[in-house]
Every structure is written in structure tokens, then in C-alpha cells.
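Just so it is clear, A, B, C and D label the chains in written order, and each chain counts residues from 1 on its own.
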Amino acid sequence: MKKQLPVWLGFALALIVLPQIFDSVLGISILNQMTIWIIFALSYNMLLGQGGMLSFGHAVYFGLGGFMSVHALNLIADEIIVFSITLIPLVGGAVGLIAAVFIGSFSTRKSGTVFAMISLGIGELIVASSLIFADFFGGEAGVTGDRTYGPPFFGIEFLQDAEVYYLGAFWLFVATLFMYLFTQTPAGRMANAVRDNPERAEFIGYSTRRVRFISFCAAGLFAGVAGGLFAINYEFITEENLNALTSGRVLLMAYIGGLGFFIGPIVGAVILTLMNSLLSNYSEMWMLYLGIMFLLTVLFLPRGFAGFIMMHQTAWQNHRLGMLILPYLITAIPLSLFLAGFVGLIELSHKGDDILPFFGLSLGADSMLSWGVLLTLAGTGALGVKLSRPRLNAAWAAANTVAKDADGDAQ
Amino acid sequence: MSLLTLDSVCKSFGSTRIINDVSLDIEAGEKHAIIGPNGAGKSTLFHLISGRYNVSSGTIGFQGKAIHNLPPYEIARRGIARSFQVTNIFPRMSVFENIRCALLWSEGYRYSFWKLLGRQKLLNDKAFDILEQIGLSDKAQLPSGELAYAQQRALELGVAVASGAELIMLDEPVAGMSNSEAENAVALIRRITEGKTLIMVEHDMNIVFDIADRISVLVYGEIIATDTPENIRGNARVQEAYLGEVPSDA
Amino acid sequence: MAEVFVFATLNGLVTGLLLFMLASGLTLIFSMMGVLNFAHASFYMLGAYFAYTLSTYIGFWGGLLIAPLIVGCIGAAIERYGLRRVHQSGHVAELVFTFGLAFLIEEAVQFFWGRDTKNYQSPELFDFALFSLFGQEFSAYRGFMIAIACLIFAGLYFILTRSRVGIIIQASISHPQTVANLGHNVPLIFMCVFGVGTALAGVAGVIAGPVLTTFPGMATVLGSIVFVVVVIGGLGSLPGALIASLLVGLLQSYAIAADVGMPELLNLFGVSFDSSHPLDDLWTLNLPQIAPVLPYLLLVLVLIFKPTGLMGNREQ
Amino acid sequence: MSLNRSLYHSQAKKNRLASQHSLRKIASATIGAVACAFSLTAVNAQEPIRLGFMDPLSGTFASVGTSGLNVLEFAADYFYNSKGGILGGRMIEIVPLDNKQSPTETQLQFRRAVSEELRIIFQGNSSAVANTLNQTIAKHNRRNAGQEVLQINYAAVDPILTNEECSFWHFRFDAHAIMKLDVLTDFMAMNDELSSVYIIGQDYSFGQVVAENTIRLLGEKRPDIEIVGNEFHPIGQVKDFTPYVTKIASSGADAVVTGNFGADMVSLARSIIDSGLDVPIYTFYAAYDGITATLGADGKDRIRLIHTDRANPLASDERREFYRAFKAKHPDSDITQSRLANALMMVVQAMEQAQSTDPYDIAVQLEDMRFTSIAGDELWMRGEDHQLFQPLYISKQTDEGIEFDADNSGFGLFTEYEVSTDETITDHSCRMRRPRR
């Protein structure tokens, strides 16, 4: 813990400084989304990354926590209860926990496909009931609240998103800290053990079901906290926040970021939030890009972006990282050419009569020249990548082999 | 009173009877070996005792209490630890974590999620002690899946004995090892089972006769003899049924 | 009432057999490769779209022949260049891969064919009523759907039990390692099985497209239900898949047909609630309303009480 | 001028810009890029008026959103930009905001709109989204005086938006569901042969409003018509509508009323057709975006829609010209909602009258505005609840007498019945809270 103190301080500092840099309404809005999604993705990682439980229905706990939080906001507004807005995430967390205790009591008996299927089934059931029980879930329009009615918190009434950001950042920090600490406890470590080898875990005295159940409850709790933050931030919640799409999205985040690493889901949440809020403004095809990126990640970076960074650990430890910079750059140039060409082709094929502005060029779908330019670009790029690959591979091998030799020498 | 008592234990899969009316008493402190030809049901017997399988009939008692048909973790908590024929560790966790996890229950940590492992000095020291004993202290932080085979077997032993169980069951602990590795392993087994009760399945007769106080011979799911090594060597039925098939490298 | 029952049964049969066409391929793939293919319904959608495009050039029958082939080839290619690679990273990675694939195929369909519903019509040959009962028609095309599904079941059954290929596949279902040890090219078998499985889904798409509307959401509507069917039936069991398909099809169909709900049920017990009760929504619930969720309810119950599914004997 | 204008567009609208044939060729592109830099500085003096258009532009529902965007962008160019702009030469720029038809994304896009200082947002699809936006804007405007945002609702028909939940910052240019149902039931009531009706709809608020009010209104107008079925099905989850159609058939209904949209509409209609059930389907959203083409000849004389724009035959040449020009530019698209043109023109008129682009000033001008549309219809924006009144039409799908078809299918809508603006006026329960200035 002591060794990591600088990391945590840096994290806290980043949380404080970021809204000063990205201070537009949009910037704050994106940061707010990130706080929510990071907590949610981390909680998902407790299941899949640390506990080996593949869930297709994690949004249930997020959503239920969120719904109850919005109802709590309304109770506060109606002065039925007196409660500080700042503590609403606890309401969400409690609801997430209760739901997880209930559902986990029968779903954690098995992991693997059985668990995954139960989570899918439960998810669909809850979504369906959310449309049936319109009083609680508000039908397809959801329920709305207002965060400004509670007793002010040191004079802050949370009128502005920026004020909400700091509340979210506080909870993000707390939740991240607790989730990290959880991995350092007997229950957290045994979750890893059960993930790795459930059979052996039983023979060292642990009920795998109980171990999974505890992780499951903790994941539900933090998902609920994220749901509570969602409620404060958006002051409303709808059925879509507990459906399969949201569950799939958090799976995507955790996976793209890297399941095996604590920081992975954070990376994934940041990447996906940015893509979702920025890319969609530039291209109707952004979901296609997202899908392609996801598949490529599964195929070529099975340990996600965090895993990719961690791959360089050996090279780093032996101060050979520098060897890789040039080969990376050399590959990056044709790669970006290829990407530019590829994206251009996709966009152009969807332009119809419109003109595609492309690095100062105006491309039209009915001009063969336009297609030619893009195809050449993509082709040259692909060829360039192919040609530069051997060099990159050699450099990679060199950086790591040398590292191994040095290791051997030390022994 | 015996530490472990098997009374008329039977196990069938479908219509096939694998273990047939096995009765056996193991005394506290005894080093007991189970030998027998391939497919005799030795591993099945281990699985019955350790709770991986439920018995079809009969009873198993440990320290005077029935343990048959309890889940494996209940049996483990009562002081029976076991290793596996095929290495069965936590491959993505470090060597140190493997041992520490194996220690957790016996050290009373149960499912606690409020204690930080990094701060449990006693626990960590103990884990390092075991690493020292099994000769893996210099690999402590390596993911255990990356260990060499013999080292993984050593870790397998370490995980089995870490809990300080009263009864330790080892399933072919030296299978697949070279001679020198096997020697080290035997020394290790002696060291770590010092003062404990041991049941061991092993094909290597030198090791069996070297370590065991008593030997049971299992053939086609039945125990045909239980006796001291000397008497087993001279037992005609054992000769007939089994010793002709001793692996050549024995 | 009798007519409702008869037609509900027929409708359930059509839905059930359609589900079976998808479930059979999925079961085949799962049995062999241990992969639960999340994108299976996406291949069904691809089948419908390819058939739509082909039908505008060479008519419905050409589409029926060629579209499944195209889909099968795409499936085989995906196995060869995608799944096989992911296989090294374990089952979760495979599941996640097919999950992403489902997402990507839906986007790709929107990219190539647009987002509108497609005017994919059944052939005029079937534009008549097969029979008329109580003044309602049962269209010939639906009869055709039933026939095709039965044909597929019979064909699969025959191949699996009577042919050499079938014996290898059966062996792979129960003893995958042994088959590899016997010197069969398991990767090739995998690729073929994946291709055939997806082609079966393609067939389902081709014949379902005209009646169930060809639109980009058609995979999502069916996707998880097929999954549910396979799990309820028991992973890896073809008869189980058939039983579960029919069960789910009939269950939904009867539930829609039956006009009973909580009010009727409560009245039986002499209980009634006024409409201002906070749980009003619960008391006024009726069966047709919850029909689409019944399969999921069944799924959860089956998994809790018999995790291997109705006919399965393998736990994943 | 024309070159400058189109270049300005290529800069401002990023990748969604109007086509200019002169610019298609790559050869001219470099010149274009240079000229672009010049035109930018020139335009700065005359800042464009930026209007947000928030609807699904990606994902499953995107076809509806993109066709709306086409119409709005085209209308802005056709009526104003090509004629030198408004408010003394300022161009109108439409900024697309993709909300993916999700309330959550709507919130995110709203923040983006605020960030980019878009003060007027056109939005139409999904009442859930409209409600969310309405409430979000109400909160935003209350908390950020001086930065108010105005919601121009061109298609969301949930009655509460101009009743219980009405807001000063929301104007509806479509007729709400009950107004439409009133006309639809009038039309049905005129058919003496009609004796029983089956209602089926998606299980959500709009579906429920349709069911509830159809029963009420038919009960008032024709108590002899029997409601033989009232069915809800989950939205977007039904694979096969045949089981429902079986129930409709066995109920012996003479007509079906549904508020279904999208794939649920197509599938329902298809199933009804396939099972040989010969009943008319009275509905709201069964045309364009592939639906007309998919139903084709099978839907002929069977599909009857209630809508706000007179379909074939077109009443005015001005409108005909507008349609032709649109078709010339977007051959694969239709003018699905000419309400958008009405809304844009009324907003522009309000700006001109107020000589301001401030949402408050525009809102004040819009209240009680009377306007003659290009179709020659008299429109009235009631000040009390911000509900627009306009003639309503009932049309059927056919291929006879169709001047402008849908989906290039040869089939289109032919108007059978119309109700004048005055006849559509209904009561409201809006108690509007007006901001003080």
C-alpha cells in the first residue's frame, strides 16, 4: 500500500485537475460519464476479471440502484425524508447489494456457461418487468428526479454539472480505493483462486459458491453505487439502463481495457466513453468502427489495452524500451495511412450525393478518382504495414530476448 | 482409535462398480501407501475420501466423525489435505499467492473482506517458510503457470501441506519426474509430512517401500492386502495379482 | 375456442420449428467446439438479406439455394481466421468474440443494406391458403416452412446416425480428444461444422425472412431466444434442442392465445383489489403480456433445478 | 456567392454538407480548400444561425432520423440559404445531434448542444425522448438564466407534453395522439358497416394512449361498435405476429386499430395480410422508410393513416415545387414530414418578427402565431399550451392517383378525408409557468 501511495495521490490529483482543463459543458459531461462508467466497469471486472464469472446482466444492479436513487431524490424533493444528496450513491449501492444477495444466492452455484445463461435470463426478466411495472420503473420514459432539493452540502446545491463532477470524483476515488483493497483481502484473493481453479479451491477449504457469492455481492454493491451516481448526474433513469445493451457495453469496456488488470476497465471505460460521445458526432458509422475495434482487440490483444501496455514490462525493466520506439513509429506511419484510407472508403460509400471532406480534399461517391485515391491509400498503407512488420518483430524479439539474457546473467 | 476409517465403501458409476467394499483403518502418524495396477481405483478412492465423489454405500470416518458425502471444503477444513495426480494449482496467481491462499482457511481468515493480506505479517512469514521448505522462495513472484514441471509438482505439494492438515493425501507425487528430481521430491515429502499422517498413491515401488509404514494393495476396486512393506513383498496374492505388472522403471 | 387452440398449436409449431433450425446448428457447433455462438442469429439475418438480394436477380429458389452457401462460407471463414485464433485465449474469449461478432454483423448489415425494412417476398407459388379452418387461412408458405424444418431434422438425423461423417461428429460430441488422437483433422472438422451450422441458420433466415420481416433488428429479436432454447434443451443434445424449440414455440403461442391473467386467477380465490393499489400492475398482469419473457423464466428455472438442461448430460 | 456559400458549408457542417456539382471533382478540391480559408473570414462577420436537430442518426432507428435531417437541411437551404439567408443575410446551419433514440444519449447530446451554444433544438422521434428533453430543458433553463434552450417538437405526440407537462420552452408542431384519434374515430364512425374493432398496440405509453382513447371516443361516437379485443404486446420483441392475428381473426373484428411503428408495424401488417384476413388497418406510422415498399400491393386500400400533411393529390404548386426539388437532390429519400418545414418557417418568422435569435423572444413571437403553410393550410400555434393546430388528413395506401410515391415503390398515400384546423381544436389542461423577464 505504501508503495502505491504516489499512484493514488496522482489519481486524486488528476481527478481534481481534469475539469479545469476540460471545462466546457461537454467536457464536464464527458468526465461525469467517465466517473460513472469507470466504477461500473471496475465492478464488472470484479465478476469477470477477478472472479471468472461471465455476466450478461450486470446492468440489472446498476439500473436497480439508479431507479431507487431517483426515487430517493423524489422523496427528498417531496420532503418525505431528509437525506443529503451527496450520500445518494450509498442508496444505490445498498439496492445493488440487496439485489445481488437475492440473485446471487442461486446464480453463483456454478460459474461458466450456466452462470452466464442465468445472468442473461435474469437480465431479460428484469427488463421485461420494468416495462410491466410502470409505477416503479416509469415505463419507457423512465422516472425523473431533481437533485437540487436536498439540504445544501456546505452551500453547494448541485445546480451545475461541475459541482456534480466533484461529488462523482469523490465517489469514484472512494469506490476505486475500496475495490482495489478488496482484491487485497482473503475474499478477493480467493476469488482469483476460484477463477483459476475452482476444484482446487474446494480442497483448500473454500466453498467456491460462497467465494463467488461474496464477489458477486461486492460487484452488485459497486454497480449500484455507479447507478446512484448516474441518478444524480442525469436526474432520471430509464429501462435502457438495465437492459442487455448496457450489460454488453460494460462487458466491452472491461474486455477492451483488459480483464486481467485492475486498471484495465478504467482504460476501457475512458476509451469507450470518448468514442461514444465524440466519434458519434463525426460519423454515422461509429458503431461499425466500434465493432471492428472490439473484434480486433479480442483477436490480437486478448489481454486488452492494459495488457498491451503491460507487455512492455520486460523491455522496460531492462531499459530496452527505447529499442522499440523507432520500429513502432515506422509501422505507425503506413498503419495510419491504411486506417485513413479504410475509414475514408467506409465513409465515402455512405455519402450518397454528399461530398466527403478528406484532409482538405473533397471526395464524391460518384467520382472514380475519389475511390482510386482512397483505395491506393489503404493499399499502400497495408503494404507498408506488411513490409515493416518483420522489422518490428525483430526489434520486439531483441528487446525481450536481451532482457531474458540479462535475467540469466543476474542469476 | 484410528484417525481415518473406511467401512465397506462402494462406488459405482452407472452399472460399473469401481470401488467394491473397501474397508481400511489408518492410524494417526502412520505413513500409508496404496498401490495397485492401473485402473484399480486408487484415484477414485482418494476422490471418495477427499469428497470429490460421493460414496455409493459405506461410511468414511475421520477422527471419529463421518465425513463421507460432505463437500470437499468441509472435509478439507477438518484436516484432510490432498494433492493431485495432474498438477492442479492456481496458474495465473503467483507462487507465493498459491501458498498463501492454501494457508488462509487454516489460519482462520475465512471469507473476510476487511483484512488486508499485505498487513498479515504472521501469515506472510508462514507462507515464505513453506516456500523455503519446498525450495521455491526465489520464484515467489512468478506466475505459477510459468514454473518448470518439477517446480509445479513441488508447489502442488506445498499447496497440499500448507494448511497444516492432520492427514495428507498425495496422489502420485513424483509421477513424470526424473530420478534426481524424484529424489529431491521424496526428501521434501519426508520433511513436510514429519509428524503427520500420510496416505500416498505411488507407482514407484522404491519410493513406496522407502516411505511407507504400511501398504494397501488395491486390485479391481478391492483391497486384497494391507500390511507392512516386508509382508506385502512376501504376499503371494499380491505377487500374483500385481507385482508382475510393476512398471519397468521402478 | 377450438379454432384458437388449433391455430395456436400451428403457430407454435411454426415458431418452434424455426427456432429448431437455428438451434440445431448452434447445438452442432457447441457439441463439437464447446463454443456457444452468440452470433448465431446474425447468420440467420445474413441468410435473409443475401436471399433478399439474390431473389431480386434470380428469384426466391435461387436465393434458397445460394444464400445458405454464402452464409456457410462466411461462417467457415470466420471460424478459420477468427475463432481459431481466439480459441487459444479460452472459452470466455470465444464467447466474447461471438458476442462482438453479433454486434459487428448487425452494423455491417446496416452498412451494406441500409436500415429500412426490406421488401423480401415469398414466392408467388405459395400465394394460396393451404387450408382454411373456421374461416381462417393457413398459408401455404407456412406449410412450406414446416416441411423444410422437418426435412432438416430428418437430414441431420440421418447424417448423424447413418453416415461416416456423422459417426465422427457423434464421437466428437462425446469424446473430442479421442477423435483427434484417431488422426482426424479436427481443425478442418471444426471449420466444416461451423460452416454447416451457420449455413443452417442461413436456411432459416432465407425462409423466415419473407414472413417475419427482413430488417436489421431481426437477429436481436431471435438471438437470445435461440440461446435460451439450446440451454433449456441441454447443451449438445439435438433431441433436446428439438423438444425445447417446440416447447418454447408452443409456450409462447399458447400464452398469447390464452386470455387469462392475474385478475382471473385471483377471482378464483375470491380475492380482488381495487385499481389504486400500489401493486396494481402486478394484479392486472395477464398472460399474453408476459408471453415473450416466459422462455427466460423457463431458462432460469431449468438452470436452477437442472443445470444440464432437459436432455443434456454435460455441464459446461 | 454560390461558391462561397457551399464552401462555408463544407467547413461548418463538417462531413454532412450539401452537394454542389461544381465541387465534385477532385481537381477542384485544392482550389476549394484555399477558397475555404477566405470564405471563413468573410462569413465571420455574418455568423450563421445554428439550429440543433436531435434524432437518431445511428443505430436501428436511424432511418427515421436521417430522413428528417434531410428534410430540415433541405428546407433551410431551399427556403432561406439559397435566397440570401435571414435576419439580414445570416445563413441557417443545421447541426445534427445523434441521440440514438435513447433518453440517456439525449441528455448527453443536450449537454453537447449547450456546449456548442445551440439554443434551438428540433426533436421529434420518441415521446420518451421528447419528455426527457422537455424536463432536461426545463431544469437547465431554470438553473441557467440567460442561456435558455428552446425545444421544437415536430413529431412526439404524447398528449402530456402540451397538457400536464407543458412548458414555456416547448412547442409542438404535430397534432397530439388524442387529437389524431379524435379525427380517426370520426372517420371510422362514418362507416356504417363497421361493427367491431380490434385494438392492438405496443405495451408502452403511446400504445396505451391509443387503446384508451379509441375505446373512449368510439364509445361516445358509435356505442354500437363493439371493441372485440384490446391487446398489448412488448415493444420490439415479437418475432411473429401470427398468434396475435389468430386472435384478431377469431374475434371476427371488422377493423384493426394500432399505434405500432417500425418493424412492429410491418410485421403486424404482414401477418394480417398473410393470414388472409381482409380488414382495414387504422394506424399512425405505416408509411415511408421502407414500410410502404415492403407492404406494397398487399397494403393497397387496407392501410389507413392519420397524419398532418396532405398527401396526394398535392394542393399547391409551391409545395409541388418543393417536393420536386427535394426529390432531385435526394432521389432515394422522401419528404416524410413536411411539418419540419412548417416548424422551420414559423421559427424563422418568429426570428424575423423579433429581430432576435434569443429563445425567449422567439417563444414569445411563436405564441398565437398564425401562419399559412406552403400547402396553403392555415396553422395556429395556441399560446396557452404551445400546441399547433393544423388540418388533419386520413389517407390510404394505393398506387392510383399517386403523384409522389413513397420508397420509389409506385405506391403512396392518397388522401380520403380531411379536417380543417378549426375542427381539430381541443381543450387542454396546461397551466404554463412563464419565466419573468
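Convention: contacts are C-beta pairs under 8 Å (C-beta built on N, C-alpha and C of every residue); 3 or more make two chains touch, one makes a residue touch a chain.
All figures in this text were calculated on a predicted structure; none of them were measured in a lab.
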{"item": "Farthest-lying chain, centroid of Cα atoms versus that of chain C", "value": "B"}
{"item": "Approximate Å spacing (C-alpha centroids) for the pair chain A, chain D", "value": "36"}
{"item": "Centre-of-Cα separation between chain C and chain B, whole angstrom", "value": "48"}
{"item": "Intercentroid distance (Cα basis), chain D paired with chain B, Å", "value": "75"}
{"item": "Inter-centroid spacing, chain C versus chain A (mean Cα positions, whole Å)", "value": "31"}
{"item": "Residue list for chain C, restricted to those that touch at least two other chains", "value": "110, 289, 292-293"}
{"item": "Residue list for chain A, restricted to those that touch at least two other chains", "value": "128, 132, 285, 287"}
{"item": "Where chain D touches two or more other chains at once, by residue number", "value": "62, 203, 234"}
{"item": "Complete list of chain pairs which touch one another", "value": "A-B, A-C, A-D, C-D"}
{"item": "Footprint of chain A on chain B - complex, ascending", "value": "50-52, 71-73, 76-77, 81-82, 84, 88-93, 97, 100-102, 104-106, 109-118, 159, 162-163"}
{"item": "Footprint of chain C on chain A - complex, ascending", "value": "48, 52, 54, 106, 109-110, 112-114, 116-118, 120-122, 124-125, 128-129, 132-135, 244, 248, 251-252, 255, 285, 287-288, 290-292, 294-295, 298-299, 302, 346, 349-350"}
{"item": "Residue ranges of chain D touching chain A (in the complex, touch as defined)", "value": "10, 14-20, 23-26, 28-30, 32-33, 57-59, 62, 66, 98, 100, 102-104, 107-108, 111-112, 114-116, 127-128, 131-132, 135-136, 139, 143, 203-205, 234-235, 329-330, 332"}
{"item": "Chain C-touching residues of chain D, taken from the complex the two chains share", "value": "60-63, 203, 231-234, 236-240, 242-244, 246-247, 249-250, 263, 266-267, 270-271, 274-277, 289-291, 293-294, 296, 407, 409"}
{"item": "Residue ranges of chain A in contact with chain B within the complex", "value": "1, 181-182, 184-190, 192-193, 195-197, 199-208, 210-211, 214, 218, 260"}
